[in-house]
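Some structures to go through are shown next.
You will see two complexes here that share subunit A, one where it goes with subunit B and one where it goes with subunit C.
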Partner chain A sequence: MSNAQLEIQLIASVVAAACAIPGTFLVLRKMAMISDAISHSILPGIVVGFFITQDLNSPLLILLAAFTGIITVVLVEYIQKTGLVKEDTAIGLVFPALFSIGVILIAKNANDVHLDVDAVLLGELAFAPFDRLILNGTDVGPKSLWVIGTILIITISLLIAFFKELKVSTFDKGLAASLGFSPAIIHYGLMSVSSVTTVGAFDAVGAILVVALMIAPAAAAYLLTTNLKKMLVLAISFGIFSAILGYWVAHWLDASIAGSITTVLGLVFLLVYLFAPSKGIIAVTYREKQQRIEVSLLTFLLHLKNHDEVSERHVKHLNEHINWQKVRSKSVLDLAQKNNMIHIDNHIVSLTSKGNEFTSKAIDYIITNEDSQIEDMKNDFFLFRG
Partner chain B sequence: MKKIAVKIDDLTVAYNYKPVLWDIDLEIPEGVLMAIVGPNGAGKSTLIKAILGILKPIAGSVTIYGKPYIKQHQLVAYVPQKGSVDWDFPITALDVVKMGTYGSLGWIKRPGQKEKKAALEALEKVGMLPFKNRQISQLSGGQQQRIFLARALVQNASIYFMDEPFQGVDATTEIAIINILKELRKAGKTVIVVHHDLQTVPEYFDWVTFLNVKKIATGPVKDIFNDDNLTKTYGINYKVSIQE
Partner chain C sequence: MDITEYIQLVFTDYTLRTITLGTAILGAVTGMLGSFAVLRKQSLLGDAISHAALPGIAIAFLITGSKDSNTLLIGALISGLIGTFWIRGIVTKTHLKSDTALGLILSLFFGFGMLLLTFIQKQPNANQAGLDKYLFGQAATLVESDVWMMAIVTSICLIVLLIFWKEFKMLLFDADYTKTLGFNTKFIDILITSFIVLAIVLGLQTVGVVLMSAMLLAPAAAARQWTNSLAMMVFLAALFGAFAGVFGTAISASENNLSTGPIIVLVASVFVVFSFIFSPSRGLLFKQIRFIRNRRDLELNKTLAFMHQIAETHEDISHPHAVKLLNNFQGYTRSTLQKLVEKDYVQINGSMWNLTKIGFNTAANLYTKQQTKDE
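Our next item is the complex of A and B:
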């Protein structure tokens, strides 16, 4: 691996980590689309900043562009507050307007400015190592690494300092306000960090990948944990993992690095979406099926308990009366038998003493509305295992 | 004469220029357990939010023990409506309760062992200690309400505001909650509850405010909880039989 390759992966990883932190809070605040808005509408800020500084990595340019991001948020909120349009519409109105101003500014000055729309949208990570930071004549590494590294360190410091405030205002705005933590300050703080991160990252990875790096890792992490700190760590890990793997995919395919990283991010999310242990699609579907069978079994047992008369307990009658299809009634019957809940004598179904006890207990719990205890009870009876 | 815990003068709150609270004057004495009753859209939740500074009034003022809310927020605990938060948020019951300690910590400082201990005690009090490590979406509606109550208890406030704490909870939880509220009153706290079930007002509360955009009446339940005020508030000929 060459030095440049290592540097590209390092830059991509630092960008991923810096994006995942504000991204986690944007996802939890249901504001994912605002990152898209910010990433596009910073363009005029970048162009104006570039005219002034002639340097894409200048701190002044970053602050100017980030300020455009804040303006976006303020405009969106202002339009939304008039009550005439909804938030998503307001976002759709504001960012194309700002973005197009940026596009026109570039087009008007394209001849003498090293900046084009493609670079803004997709970034060019491969060139990042060529722009070096020279201090007192010594090369201390790529400029963009220093820029995004500084942003990451500031983001982490703010996160550690204001973790509790971020947590409470994201979870319960009303409580945060009543505790004396102004939700507005925290909101605009988060928006500022998101804007600065977007500007710092877009030069390396482009406006579209910034959105992917903010949202996809956080969305995947959200499906895997019930702890905010773990969600942050997972989101950062997914981001870094995708950045490095994406780089190598691009290397093998000889394709765009930004595009490959985004593809890997999408795949990571897809895998988590399918296979997450409790919130994944497969787990949810399996659980729903399991629950349907459990409810059927309970219904069946309750029916048996309610009816002493033999005619109500004939195997055939159960098909007709409970109105289940044959397959379903057979699987319920099998399950009940396997767990020694019932015995079948000459086509007449009866509860065993174990089945009787289980059903009485279940009725008690249902009447007293303690559903959670039915779960505990199932363990007592070794039901539904195997 | 008792001290006044909350004093509201000429309070008007509007959403999009339509007043939802109109010129409210209200004094809530210290140590009462008060219900705010009124029909849907009467501005009950809005009144609480305006007192707590969550909503900005277009006119009027609110003081807590004679000072603006912003200086007194440590004296106040708030239990919002259950629907106001995202129950899928990655957080455990214990963490939610710990949030009650954030107000006394102030900015930046983090909760430590002392705060954790207080949160565990509050969970114990509402009977939720065994669920402390559950993610909050895995709790039933009544349990979620108890977590909110525990969070308010941990604030160790002087005044408690609760927005429909009995909404969607079972009878056991309702009794558990009202017993805790009565205990708070015994300890000299002021408790203000947005309440829907008129039948239980005389049994649960000793003070009541009738609200329907304007204040209709306020005072001791035994003096003013009558058909006359109910009719004025709900606009129809209202009759309740009050069981003593």
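Our next item is the complex of A and C:
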């Protein structure tokens, strides 16, 4: 592994970590699409900044472009406040307009700008190690590593300093306001950090893929935990993991590094989406099926308790009466028998004493409108779940 | 080149005619369907779908090896639909919110598409050049068959829209009611979403994946400001979209180095800004004017009420009082007094005023009955 390769991976990892932190809060605050808007609309800022500074890594350019990001947020909020259109429409109107201005600016000045539209979308991570920062004649590393590293350090220190405020205002805006934290300052602070990070990462991964690095790790982490600290750590780890693996995939395919990092991120999200222990699709589908059977079981037990007549309790009759499919009624009967709720004697179903107790309790809960208690009760009574 | 010359050129020059016609049709169909997207609060869905279409284009090229735009657009359509339904899956099955789902699909699909595009570029296949026109669109590559294709799809959209008009409209404004009436809301929902995807895919070649969402939103958002009727809004949005296409093409043709897509988007945005400001019923300008007028009315009424209070204490309601009395009172200015005189509510003699009969009655009923408009 050459030095340049190592540096690329390092830059990619730092970018991923720097994006994951604001990304987590954006996802939690339901503002994920704002990051998309910012990443598009900083383009005119970058182009104008580039005319002035002639250097993609200059701090002035980053501030100027980040300022465009803030303008986007303010503009979106202003349009929304007029009540003429809904919030999402406001976002969708603002950023394409700003992005178009950026694209036109680039196209009109194509000759004297070392910026092309592909670089805007994809970044130039492969070339990042060649742009070195030279201090007093000594080479201290790639410029973009210093830029994004500084941004990461600032982000982390802000995170540590204002963790409590961020946490409260994210989960309970009203409480935060009544405790005296200004929601506006936290909101615009977060927006500023997101804008600055987007601009810093823009050089490495391009305008649109920044969005992937912000949202995907946070979304995957959100499916795995409900603890904010764990979520931050998980998001950062997912980001760094995808950055490094993505680099090697790109190396192997000889394709865009940013594109392959995103693809790896997509696969990571897909895996989590499918297999997350309690919130993944498989777990959710399984739980839904389980609950469906258990609800059927409860209905069935209530029916048994209501009827003493032998005719109503005949196995054959149940099919017609509760109008279940054959397979379904069989699985419900099996479950009830396994749990010792019923016993079947000569095709007549009756409740056992345990089944009777369960059903009476369930009725009590239903009458007193405490349906949620039934879930806990199931744990006490059931030997096997549906 | 002046305008008449340009218009002549539009009718005689093949390329210019094709592009103008193409962008106009595109604008019309996206405006039409965009109205539904905006009203259904799915504005950003368009953005996600257009980005999600990119890997479809690349995969279609990898499989067939042809650059025929219809083949590629079918790929785009399929991957756009997959993206749409995955977004739905995420929102309904997990606790992730719709904005996260949109952002995820948008960026992940797009990143995957870019990976494939760069992968294709490295392939030893001479045919691969030019796929990246789908990023920002190149109206110049439109040929007559593309325009025909657009026209056909637009007419299909129009027919479906007319047939299912009632259902679409009802689903839009009261989904629950529609369901209770026995309509298959799922089917209608999928139908309209599929057509939105179709319209987006149709525009990829002209406007590109990145800016396509604006084509969907901007005409509809502009049209919304002028009317409260769905039919009128759809019609206006189609009109705005078509004009944005025509003007955008004209502007980009008049100068070098101006790509058509961004210009069309900017023209559409100008329409939006214009509508936001100048729409008579909802526009910001008239709203502000109404606001100021209301405030003035209120001041007038306050002055009148104050005068009424003073006049009440006298037997003779037209008993004169000094104008000085009114000083230090909030609603009073020289001009409000003048207005009251004009309305015959008040008479002024030198530095004294007195209420007239009409003025007294109006003031007495000021807060008890519905006012007829004062100005």
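The criterion applied here is as follows: the second predicted complex is superposed on the first by the 374 of 386 C-alpha atoms of A that agree within 3 Å, B and C clash if a C-alpha of one lies under 4 Å from a C-alpha of the other, contacts with A are read in each partner's own complex, and residues count from 1 in each chain.
Following the convention adopted for this analysis, a residue touches a chain if its C-beta (ideal position, glycine included) is under 8 Å from a C-beta of that chain, and two chains touch if they have at least 3 such contacts.
Here the structure is a predicted model, which is why all the values come from computation and not from measurement.
Student: Name the contact category of A:Ile281: first (subunit B only), second (subunit C only), both, or neither.
Tutor: A:Ile281 sits against subunit C, while subunit B stays out of touch.
Student: Touch test for A:Tyr222: subunit B only (first), subunit C only (second), both, or neither?
Tutor: both
Student: Thinking of the overlay built on chain A, is A:Leu179 touched by subunit B (first), by subunit C (second), by both, or by neither?
Tutor: Only subunit B is touched by A:Leu179; subunit C is not.
Student: Quick one: classify A:Ile52 as touching subunit B (first), subunit C (second), both or neither.
Tutor: A:Ile52: touches no partner chain.
Student: Just to be sure I read the superposition right, which of the two partners does A:Leu209 touch: subunit B = first, subunit C = second, or both, or neither?
Tutor: second
Student: Touch test for A:Phe162: subunit B only (first), subunit C only (second), both, or neither?
Tutor: Once the two structures are laid over each other on A, A:Phe162 reaches subunit B alone.
Student: Any idea whether subunit B or subunit C touches more of subunit A?
Tutor: Of the two chains, more subunit A residues are contacted by C.
Student: For A:Val140, select first, second, both or neither according to whether it touches subunit B, subunit C, the two together, or no partner.
Tutor: Neither subunit B nor subunit C is touched by A:Val140.
Student: Kindly list the residues of subunit A that each of subunit B and subunit C touches, one partner per complex.
Tutor: On subunit A, the residues that contact subunit B in one structure and subunit C in the other are 30, 222.
Student: Give the list of subunit B residues in touch with subunit A in this complex.
Tutor: 16, 49, 52-54, 70, 73-74, 76-78, 80, 84-86, 89-92, 95-96, 99, 102-103, 105-108, 110-111, 135, 140, 151, 170
Student: Give every residue of subunit A touching subunit C within the complex, in rising order.
Tutor: Where subunit A meets subunit C, its residues are 27, 30-33, 35-36, 40, 79, 82, 84-86, 88-89, 91-93, 96-97, 99-101, 103-104, 107-108, 110, 117-118, 121-122, 208-209, 211-212, 214-216, 218-219, 222-223, 250, 253-256, 258-263, 265-266, 269, 273, 279-281, 284-285.
Student: Using the touch definition up top, name the residues of subunit C that touch subunit A in the complex.
Tutor: Residues 38, 41-44, 46-47, 51, 89-90, 93-97, 99-100, 102-104, 106-119, 122, 132, 135-136, 210-211, 213-214, 216-218, 221, 224-225, 257-259, 261-263, 265-266, 269, 272, 276, 282, 284.
Student: Once bound in the complex, which stretches of subunit A touch subunit B?
Tutor: Residues of subunit A touching subunit B: 28, 30, 83, 161-165, 167-168, 170-172, 174-175, 177-181, 222, 225-228, 230-231, 369, 371-372.
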